[in-house]
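Naming follows writing order (A, B, C, D and E), and every chain is counted from residue 1.
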Amino acid sequence: MQVNESSKEFKPCIVAFCCNWCSYAGADLAGSNRLSYPADVKIIRVPCSCRVNPLFILRAFQRGADGVILCGCHPGDCHYTTGNYYARRRMTMLFSMLDYLGIEKERTRVEWVSAAEGAKFAATMNDFISTVQSLGENRKLRDLRCKE
Amino acid sequence: MSSVNNEREEILRMSGVDPTKCMKCGKCSGTCPAFDAMEYHPHQFVSMVNKGNIEPLKQSNAIWQCLSCFACMERCPRDVKPAKLIEAVRLTVIREQGMNHLESENVPCMLDPELPQQAIVSAFRKYSK
Amino acid sequence: MHKIGVFVCWCGSNIAATVDVKAVAEAASKEPCVVYATDYQYMCSESGQNLIIDAIKEHNLTGVVICSCSPRMHETTFRKAAQKAGLNPYMVEIANIREQCSWIHKDMAEATAKAIVLARAAIAKVQLNKPLIAGESEVTKRCLVIGGGIAGIQTALDVAEAGFPVDIVEKKPTIGGKMAQLDKTFPTLDCAACILTPRMVEAGAHENITLHTYSEVEEVSGFVGNFTVKIRKKARKVKMDLCTGCGLCTEKCPMKKQPNEFNMGLDKRGAIYIPFAQAVPKVPVIDVEACLKFKTGKCGICSKVCTAGAIDYEQQDEIIEQKYGAIVLATGFDQIKPTKFGELGYSQYPDVVTSLEYERLMNAAGPTKGHLLRPSDGKPPKEIVFVQCVGSRGQSCRDKSYCSKVCCMYTAKHAILTKDHYPDTNIHVFYIDERTPGKNFDEFYRRAVEQYGVDYIKGQVGKVYEENGKLMVQGSDLLANEQITLAADMVVLAAAIEPDKTARSLGTMLTASMDTNDFFTEAHAKLRPVESPTAGVFLSGMCQGPKDIPETVSQAGAAAVKVIGLLTKDKLLGNPCVAHSDEMLCNGCSQCARVCPYGAITYVDKEFRVPGPKRVETRRVAVVNEAVCQGCGACTVTCPSTAMDLKGFSNRQIMSEVDAICK
Amino acid sequence: MVYSYYPGCTLKTKAKDLDMYARKSAEALGITLEEIPEWQCCGGVYPQAQDEIATKLSSVRTLNSAKEAGNDLVTVCSACHHVLKRVNDDMANNEYIRTRANNYMELEEPYAGETKVLHYLELLRDVVGFDELKKKVVNPLKGKKIAAYYGCLLLRPSGVMGLDDPEDPSIMEDFIKALGATPVVYPFRNECCGGYVTLQDQSLAQKKSNKVLGSAEAQGAEMVITACPLCMYNLKNNGTEHDLPVVYFTEILAEALGVK
Amino acid sequence: MQGIIEKVTELLDNGTVDRVLAWKAGEFSYDRTPAVFDKESGLYGLVYDSFCVNNLSKYLIEESKKDGKVLVLMKPCDSYGLNMLIKEHRVDREKIYVLGVPCKCKVSVDKIKATGLTGILDIVEEGNDIKVTTVYGDTTLDRKDVLCDKCMVCKDKVVVVYDEKIESDETAGIEKLDRMAEVEALEAMTPDERFNFWRSQLSKCIRCNACRNVCPICSCTKCVFDNDNTGISSKANVDSFEENMFHIVRAYHVAGRCTDCGECSRVCPQNIPLHLLNRKFIKEMNELYGTYQAGTDAEAKDPLTAFTKEDAEPSVIYNR
């Protein structure tokens, strides 16, 4: 219950990696349609979901992100034909590892958002933010090693 | 106006139907086996409920004549499910106090020795609380 | 040390109403390396661009950050401006503070804070940008058109007329496509064959056009200007160069029980056949599934009667490889078989036909020689019911979600033609909406109603059943608020059209994107309607979406213009944001090549000087073909030593953005 | 092969034949039907409204019993089959209904549509196989022209029922063929007989029943089979313009298997 | 052992090979270190016994760069590493002569010491007995009780790549443990328990890089952690991203490539169970993408450079 109390105030830092062809365009469409989602999300444009190194996500967490989401074209619709298939496996493995390390797995997410799915983009962000808000601030990955 | 709207919302909620999906093709009414026995037809249920014009439907005999054969649901190209709307209108009527369409005291006179249980059970479920 | 300039756009009030642009510029000016920061009403305007150009010159800027609308909108504009000022265009970064900030947030403080973070990320990134120079590649001056219907023929003719060689690949034994099967064309009612066949002949005879009929595209590699395509020329078992097209073989073939595809299976053809009289090329093909010679080894009649000696039972498929600069998709459409609509009786009753079957029944070269006779008993129908929108505009699993666009008009055409030839026929049309936008289209439909007395009924058919030898059509008449049952002799279903089945695999081969209905998507719905998002691939005709003949021909012409524009160029500038391998770090492990979708990575053994007594060591290192690489970055993540990086989206650039955002 | 079996109320009273022949035939085919203990009436009609929870509970109990027994659930009556199958679909896919129904039920483990509901005909087609069935026929019904009456409830809505093509079904025709008889296909086999309104508006029920029987007769049928006691009653008692025998499909099955 | 010496001598004498990569006795009689022998030095000191635990495959990267052909003694589990090095073009197969040698599981000196024995002078293996001479006297241990941890879960005893191999039907005579049992035990914990487990383990790291240096897969020309341009390099023991994430990044880098040879955990001076990170990836990929063992052959695509259109969505992880 405490978490809920503080989550009203808590403004999470969310990094969204969006592929240029589908999801970034989907985010633009959400903008064109004035579909709002909290300002906590900051988008980083990448050419393809397969450009996202799991390292970037770890880096974001370690630098203080509370949630990281990766958006790409729907499987089968990748601009580069196969990029998101690789991304899907890489991210699955990353999520598995984070979970294994005891990090809340809900802090990471992968969603496929097409250029036409502005509404889905906004809805996805709203949903993701509320999930991260309910988890509260991310501490675990920042101090995976304690120096005592 | 607001109570009319409330009734519309209630019917939509109960039925889970979105009448705005209808493209007014008339296939439901083209397919309905009870068409001639109903003074309001399946496509009219969809458009009238959507407009909030529900009272005439509640007063109608049509809600008791629908055969629940689901042909309109099956054949609707837009997945509107008119049969669910008709049932929802019927339910709003029988859920109102004293509005059971079928009273148990009336049943014996309708009974035919061969009539299967199922006919009575389902009639009660369809026509009364 | 960089000198960064930051330019914050108001976009009129689009940005400035929600984001405090002055505060953004102010905050940006305090970021490291930023030497100049300003705001302006419209950065994309000429004066806005001049402001950027002047600032670059005046402050000797080495990097520029524009806080404005989406880079998908104006990145190119600002890059060009930078270039004008003598700055490498790739030293420009955009912070998207409109679509991803001002337009979605309401609170000014919140939006401003976010805009500052986005600006900070772009500033961090631009400091790691490197000047990039786009590579050049040659253009092969040859065009491939896939599909030999009216769309493909028209594109091919237009490109060929401009002086470029064109190859048409058609999977059927003849070009002509669906239009060849049509009887008359709306709204002028001229005969389809009369206007199409001259075009077919022209294409077949054109010095710049090569026809590959009975052929399919097997494999595509390469990129815009430099595609390499493997085409499988299926064995016709008839030598094209020897055959005179006399047709004797087709007459003598004993296996005359094969359903004739050209006539929608309404009559039969032989195992060796020419699809129709005006086929181009007029060379028969042997259907080896049906041919007695291939099934039993006996027969060989066609070979015996052929005086030219053109029959070649040993003929094998042939693979030809050719290079092209541009590829046009003109794969066309099919009409769905409405077998899933059991209530309409298509599978049960032979007299329930699709509109394409009806075309053949009306056609003088069709199975009934142009006499309208119903399939079941060969009698002329007196009552005909047309049903529109069968399988179109629906949401259920058996429907297509789109409007097939041509059905309203061809149904009116069928009605008029039928009434013209057989005035005593009664025609009823069940319609939902009568859609007739187009020159002289609505007038045409009104003629059907007013002049020919066709009975248009607003409503749909719920059930078709047989009773006493009649097809009983039960449907709704919504205007009369009645359920009616008509006793008909024939029912014609305007079944939905769908993209040709081969389109999906071609789309995969070409990495040309498709929508959920398997129509090819255009690069921009309004401004680039005949280009696929994949560079060098163009769209012509129904494969992009439902359209009628005049629209198809216009689009075919437009696609040709785009092809000509491309082929006129000698060299193409590439995308410089491609992968690059640092050979000092590369292990030569091949992981990157395993994930490259373009085959852009090769390996070479290279000698390196190393410290120690043995002065030279040979290492295997990756080399990226920058003309082939499309810049997806799959390789960069798989590289364990980070030797592979992506220009413009390097590891350090992305991590600097991450750091800036998470600060 | 052991299956949980739900006969339903009508099969215990007015439609004993339907039940008895189903059991005898199953035995002859090596299938054990275990009647669900203390089953309750399914209600005879599927309550379509989203908020109808209580009226679905008896079906949920039945479905859960089968789950606990670890068996697939077999039904014979079309109406019971329809109700059970659709409630099961709600429990699997409609979270609103599932949550509320489970709140009422207080089961040890919440029920979420785990049970597979099979109609007896599906058992014959998919488990026994019509080819196998054909081999077990001892009295082939040679020369008999039989029309199958599907009605509404077995087929629609096809998305949930999934028995066969709702507009052009073949399961009962294939069944008839397997018994050695000749199936008669007629257009009204999947149109409503009006059974539900027999108490409400007998004239409508009569009209619809006559239409069905007339259509079958016109195609040369000598007999109509059905899986629904209500259809059976309705066709027999309201379809008075036509003198066509109407029997349960299990009866001709038992006859062909020689266990009648 | 005698067969091995004979074979090696023969190949060296007839000129098939120029050098031999094997083990020699170290400072203590039970110490075994990798060593290169040639004609000049002779095979004096070459030894192959239950203490020869080091994975020799990685040494071949440098050895195969030299002139001439090198013979290597290859234990079954090390041969997986060699296959990976061949697959990734890190060694020149032409310049290597692989002599497969049998293995009946290796004995861990650490485990012997862990029984409480101190002042060890000598350890000798006789059949299934391990005879330990200490300054306090002699003790005999059962071999089965002091086998290396990694041998308890050994994949199999087949040399997967070789030019010639020497067979033996000797076995350790132990019941192999379930390789994934430790991973499963961790999975069964609550997230907080897991976090605390890993935090306490990883906090012990002194960044000595022993794990990286021993790993046959970690063979980059230049490691990202040594490369200033990657933005993640770090050498000192500092509390930075790199430091925090070293083992995670390393596990990810070898995911789909790790042969599970267990050397990382064996050499860790802080006894961090690093193999549990790698093994988790192996387990996950086996379950999601089909069984795959890196190093089984030198051709197969590893799970992270392959895909199927029907792959599970990443949400499969949080739907568990």
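Rule of thumb we're sticking to: a residue touches a chain if its C-beta (ideal position, glycine included) is under 8 Å from a C-beta of that chain, and two chains touch if they have at least 3 such contacts.
Keep in mind that this is a model prediction, so the values were computed, not measured.
Note on connectivity: the fewest steps through touching chains from chain A to chain D is 2.
Once chain C is taken out of the picture, touching joins the leftover chains into the groups A, E | B, D. Of all chains, the one whose Cα centroid sits at the greatest distance from that of chain E is B.
Annotation: A-E is the more contact-rich of the chain pairs A-E and C-E, by number of C-beta pairs in contact. A straight line joining the Cα centres of chain A and chain B is 47 Å long.
With each centre defined as the average position of its C-alpha atoms, the distance from chain B to chain D rounds to 24 Å.
Within chain D, residues 166-167, 191 each touch two or more of the remaining chains.
Residue positions 54-55, 59, 63, 82, 86, 90 of chain A are each in touch with at least two other chains.
Shared interface positions of chain C, defined as residues touching 2 or more other chains, are 343, 463, 595, 638, 651, 655. Remark: the chains found to touch one another pair up as A-C, A-E, B-C, B-D, C-D, C-E. Those residues of chain E that touch chain C in the shared complex are 65-66, 87-90, 219-224, 227, 229-232, 253-254, 301, 304-306. Every residue of chain D that touches chain B in the complex is listed here, in rising order: 8-10, 13-15, 41, 43-45, 47-52, 55, 77, 79, 151-152, 155-158, 166-167, 191-192, 194-201, 204, 208, 229-230, 232-233, 236-237. Looking at the complex, you find that chain C touches chain E at residues 584-591, 594-595, 603, 614, 617, 619-620, 638, 640-643, 651-652, 655-656. Chain contact summary for the complex, chain E toward chain A: residues 186-187, 189, 191-199, 202-203, 205, 232, 239, 241, 243-245, 248-249, 251-252, 255, 277, 280-281, 284-285, 288-289, 303-309, 311-318. For chain A in complex with chain E, the residues that touch the partner chain are 54-55, 58-59, 62-63, 75-76, 82, 85-86, 88-97, 99-106, 108-110, 140-148.
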